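A, B, C, D, E and F are the chain letters, set down in written order, and residue numbers restart from 1 in every chain.
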Amino acid sequence: MNEYKAFRVELADKVAQVVIDRPEKINAMSADFWAEIVDVFRWVDDTDEVRVVVLSGAGPHFSSGIDLQLLAQVGAQLGKDVGRNAEQLRRKILSLQASFNAVDHCRKPVIAAIQGYCLGGAIDLISACDMRYCSADARFSIKEIDMGMAADVGTLQRLPRIIGDGMMRELAYTGRTLDGAEAQAIGLVNRVYENPEALMEGVNELARQIAEKSPLAIRGTKEMIRYMRDHRVDDGLEYIATWNAAMLQAADLRVAVAAHMARQKPDFAD
Amino acid sequence: MNEYKAFRVELADKVAQVVIDRPEKINAMSADFWAEIVDVFRWVDDTDEVRVVVLSGAGPHFSSGIDLQLLAQVGAQLGKDVGRNAEQLRRKILSLQASFNAVDHCRKPVIAAIQGYCLGGAIDLISACDMRYCSADARFSIKEIDMGMAADVGTLQRLPRIIGDGMMRELAYTGRTLDGAEAQAIGLVNRVYENPEALMEGVNELARQIAEKSPLAIRGTKEMIRYMRDHRVDDGLEYIATWNAAMLQAADLRVAVAAHMARQKPDFAD
Amino acid sequence: MNEYKAFRVELADKVAQVVIDRPEKINAMSADFWAEIVDVFRWVDDTDEVRVVVLSGAGPHFSSGIDLQLLAQVGAQLGKDVGRNAEQLRRKILSLQASFNAVDHCRKPVIAAIQGYCLGGAIDLISACDMRYCSADARFSIKEIDMGMAADVGTLQRLPRIIGDGMMRELAYTGRTLDGAEAQAIGLVNRVYENPEALMEGVNELARQIAEKSPLAIRGTKEMIRYMRDHRVDDGLEYIATWNAAMLQAADLRVAVAAHMARQKPDFAD
Amino acid sequence: MNEYKAFRVELADKVAQVVIDRPEKINAMSADFWAEIVDVFRWVDDTDEVRVVVLSGAGPHFSSGIDLQLLAQVGAQLGKDVGRNAEQLRRKILSLQASFNAVDHCRKPVIAAIQGYCLGGAIDLISACDMRYCSADARFSIKEIDMGMAADVGTLQRLPRIIGDGMMRELAYTGRTLDGAEAQAIGLVNRVYENPEALMEGVNELARQIAEKSPLAIRGTKEMIRYMRDHRVDDGLEYIATWNAAMLQAADLRVAVAAHMARQKPDFAD
Amino acid sequence: MNEYKAFRVELADKVAQVVIDRPEKINAMSADFWAEIVDVFRWVDDTDEVRVVVLSGAGPHFSSGIDLQLLAQVGAQLGKDVGRNAEQLRRKILSLQASFNAVDHCRKPVIAAIQGYCLGGAIDLISACDMRYCSADARFSIKEIDMGMAADVGTLQRLPRIIGDGMMRELAYTGRTLDGAEAQAIGLVNRVYENPEALMEGVNELARQIAEKSPLAIRGTKEMIRYMRDHRVDDGLEYIATWNAAMLQAADLRVAVAAHMARQKPDFAD
Amino acid sequence: MNEYKAFRVELADKVAQVVIDRPEKINAMSADFWAEIVDVFRWVDDTDEVRVVVLSGAGPHFSSGIDLQLLAQVGAQLGKDVGRNAEQLRRKILSLQASFNAVDHCRKPVIAAIQGYCLGGAIDLISACDMRYCSADARFSIKEIDMGMAADVGTLQRLPRIIGDGMMRELAYTGRTLDGAEAQAIGLVNRVYENPEALMEGVNELARQIAEKSPLAIRGTKEMIRYMRDHRVDDGLEYIATWNAAMLQAADLRVAVAAHMARQKPDFAD
């Protein structure tokens, strides 16, 4: 676990706390942020002790989205030839997307805990998490439309699988602000807590529950759900059969059955 | 903007009003309707000044669906050979589908405003729109099942992406009538208004908001959401990166940022 | 209609009642169950008189999922070579999946009526049905995670199309128990009835309604919705056009129109 | 059958001769060409008497590809805003592609007869035909690379399905010229004839043979092969089963069997 | 290994000889044939000792395709209602396709040895095999077009993946007869032998070579190649990684390495 | 350009020479090889001056495939739990695959020049290149089958798109050795040269030709052909239209046209 400029990362009880830590900038996503998030999630993936991640923002807000300075820098680097600019922009966007793919592809569940502002790029980010929970004061907005651009780091790709198609379009076309209650009503978050403290308590309790399950079973489950977002039912059935051909030979099934018989809590290896 | 027999079309404040205009026939979809809707939406697509479309029905009802006379005509044209009939029917259905594809593929957002009856083919039609809003008196029914046939101009293809799979099947198998409140509960419409007047006011206000956004950004957003209905997340990410490689070199981003800095409303070119 | 060990099957008024019939074992899914369900649904498919299926469980519970004895047997048959075990397990899983594919692929609508426990494999089963209804006392849980394994007979593949992605992951990672009301809120069931009696009455009324429709139209409708779970909108449109090229030459359309004109109930052939 | 500026079209013995007819310009593809080809193939599709199309070029060459004047015009219409230019170019390219999609989607087989130059856009065109035949003097080149651009009206999309992947890339990266013999060796053409006269004789004989088959069977066959270019084997099997459900009730099967028994040539209706 | 009416089946040296055995009828595919082939290949799949299958025809010809009597029977069972006929025909076709899917999905390699006539349905059959070899006297023809129908049991679906797209269409539209040499030139067969005796000798030698390889490795290889016919490269890479996660823990890798070191032939368990 | 242990890398005339440089080990693929190849191709991608890559092997052979010591190490790291081993193996395989994906995804064309042995993993490698050329002494073999395993770093996924399906299976099941002439006959290589010197001369001449083309046009062309390996024709058409929307505004088209008019060689910027 390294030191980071844009994040604070801690590990306790098999749960990694990943905190966006630039509260004085409303946790705006700086160049450091985009680079470090890949390292953070590589560490999560490679550290057997980490079983679940809670992703949150320091201070009263989750994040105001991409840092406008970063956008300005990208613009400043463009040259005169439209074609070469296009290639450079395309690669830059793919590189920013890769930062959030690192969250989406992480083998361990990632839970987003959201209070206050969650704007623009922050919606792209939470769309790449497994589950989202918020406090009543949360404010969500697909802000990119007001910047004169189509969101390009994941919101338009992942959110339609999470909320209804009709409401998706209304939010993306208008940039309208949503509060916690409406976010739950349309399926954007699983639950609204009264305030940020209750939110962190609730989310951490959930994280601990998941951390007690067989880590192999959790990873298989996550991989299968992620796979189904983009594949056919018949392909998914064949994939889990192939996956479990090895995994059902793991110790975890026996450990679970034995604990079940003994009416005890199972204790799974990392 | 031409004269139409089945529609009334107007353009004001960058919003096109497309009104199905056969109230004496409960706006049943005649041969004129199916032909003209393609022209209407080609005009929408080709007219830079149009930024948003509001689709509604004249009189107390949105539409009762396909005109039974048209169905009868199709039947009357069939000959003796089952195979040649089949080819003729297949081409006829594909041609009717193309009429609603024109709505689905339109580059500008299409908002359906629904009051009273919305039956059979009318459900196919609103499924091809971006968003749906209704008044409390709206009545929805997948009527085709009572005609002894499976719906074949889009309901069974597009509606499952909009409402839940379980309720989708109940409605398609039974043809049961839904009112506005239930339509909202299952995600068929985004919002229910007290009466048709409030509906038109609400929908027009929404249309105006969208019309003020960057038209390039709105089209990109629509294209991406439409694309995700049928494609994988990784393909979608690559597509928006390629799209924005050109679009981020447009003036709109600069206009938006400048307006944001000056705390003014941005003014985007058509 | 044969005699079965794990099921009781009856046919009346064109509705087949398929009852899991091992109440003393909470309808746990035994070896007989997995073999017989294929036969039951082949009979359903092949019997023209059957138009709709109601699937329920005898006694106070729907089903507790896979019989743990069966799991133990599978484990006992494994040998020393990991590779050959893997192939054997893979084929066993594919074979169990095939049992529920028989439900999913059945040409006639299958309605699940759920009371009491609906755990583990029972969730896989109801995910393969067309629609789900429950009584208020129903208790749902994706129990596999507590057995130290990823669910592998359909829940992770089919349920994400039915309920929201965010809640899907919460339920799959935690195995948390859901009651009837929450099941309806997230779209898992279409409706909650006060008690098991009301449930059966409601479900049978629904089944009778569907049984009165044109069986060809119902089958076409089911096939199209099933197809759209895994295919693109444009492919779906082409498929229904090809399908209806034959089906619109059937008698059912004429029967329906004639009945409609005469304001009578149509009477469709099996 | 209309009069065209860029084409000469004739119909005899159920075979339509479609000739690109600007020999003085080496049959370069002008604005007329791109517009008229859609009309020509709509006529082909709608005219029952046409069963097969032979596509050829007047004079010593098949075609030199897109008219450079047309390219210059497109460039001249661009404005100052990169984003709006991009949208305009994208729509222009899609519209040019649509011209060749009309060939690809045509229900009747299209046979390309190629002599002399077949360059740039002409490769895009013949890639959209069913089969290609040439005389020994034919010269093929994916010329777009020498214009500083990636081919965008079909060569890069359709040709990889026709010739090997490795040679595809060599030809597309170098623009190297291929003669008839090598074209046959890599599968680009089915057969090389000694000279243009032999070519036309051979191709017309082939066209007549196809024209004698059941037109329904030919169309089904074409649709299925086209479908398989982009779909899975299991989807293809389901599609032909649905298609033939109607088509096997056509008269053609009976006509063919009867002729077979009587050892006569069958005579199929249009 | 059962007794069959349409087949003769033998097992020696881990190679199963499956012989279509109705030489007096040119091995025409009767009702027995279609039913028994499923049983034969289920036995192949379930019998560990069988590692490779050689499929051939008794007498001077491989097979003349579907038995015309069977076609006549299907026709005779049709009723008056076009829609119900369509459903019946569709299910019949799907059922015939399933017979050849049993060959395609068989876990063990299937080698077709072809002499004399290989017509119509026989082309569908060999397209479902892994590899094809013939003697110089072989005669191939996609005969269905001369029956006035589009081939519907696999030729149009599987053959385009095996031979070039251009020649595929020529053969399917014309039903033209191909000899062994041309069959090899277009990739339909891997090799042509001088006469049927040399063919059987060559094919059996090949079968013995394959039978000596690790059966787990052969099955994995076949599954992967089959998978790639219908899937993306990235999906294929993920699939083999998941597959080999178990299979590289098998004994076979160690056995092979040890034999390699000792410069001996490895001996793999069934 | 760094120093590498397993490679020698040079850049001249815009062509990068990437040479596997362990001739004393027949260029076996060591741990260094797998790690460094990713760096090499990242450098290729990021260095504007590099326009084409020639990949070859030092000494008399191209490469004997994966280093058996590396395989042994992977085996030695496995523990007791089959499930955890499986996860570790799966990730290891995915990581090895990523090394060759770096070649496949490289934006610049990669030409493989092959002499002598090209075995096992070396086939996986050249399958990820754009084009393959060899000298007459080349010897190809899908050696993995003799190691008791299914090839898992790309051969089974990419080669079926390059050579015919039937021959693909023969080679993969038998591990049979192919010489240069047969490799060309089945499309594995584009051309066979008399000896290694002629090979390098021919390949470098080809590389120089490609290096003179517009680099933007080459990259667009490569991306499109790569895309078509896994996507539908209609998706591919939409993708190139979106891509060229920006690229046709580049200078290269004007440079090419001007040079064409002046009958000079165009000079494109990097």
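FYI, contacts are C-beta pairs under 8 Å (C-beta built on N, C-alpha and C of every residue); 3 or more make two chains touch, one makes a residue touch a chain.
No experiment lies behind these values; they were computed from the predicted model shown.
Taking B-C as the reference interface, which entry in B-F, E-F or A-E shares over half of its contact pairs by residue number?
When the contact pairs of B-C are compared with those in B-F, E-F or A-E, E-F matches.
Hey, which pair has more contacts between C-betas, A-F or A-C?
More contacting C-beta pairs are found at A-C.
Cα centroid separation between chain D and chain E, in whole Å?
33
How many angstrom between the C-alpha centroids of chain F and chain C?
48
Two-or-more-chain contact residues of chain D, please, as numbers and ranges.
In chain D, residues 82, 86-87, 161, 216, 229, 234, 242-243, 245-247, 249-250, 252 touch at least two other chains, as defined above.
State the interface residues of chain D toward chain B in the complex, per the touch definition above.
Touch residues, chain D against chain B: 81-84, 86-87, 216, 219, 246-247, 249-252, 269.
Going by the contact rule set out above, which residues of chain E touch chain A in the complex?
The touching residues are 231, 235, 239, 242-243, 245-246, 249.
Inside the complex, what are the residues of chain A that reach chain B?
68, 71-72, 75, 78, 82, 85-87, 89-90, 93-94, 97, 101, 104, 144-152, 154, 156-158, 160-161, 164-170, 172-175, 229-230
Within their complex, state which residues of chain C touch chain B.
By the definition above, chain C touches chain B via 109, 130-132, 161-163, 187-190, 206, 209-210, 213-214, 216-218, 220-225, 228-229, 232-234, 236-238, 240-250, 252-257, 260, 266, 268.
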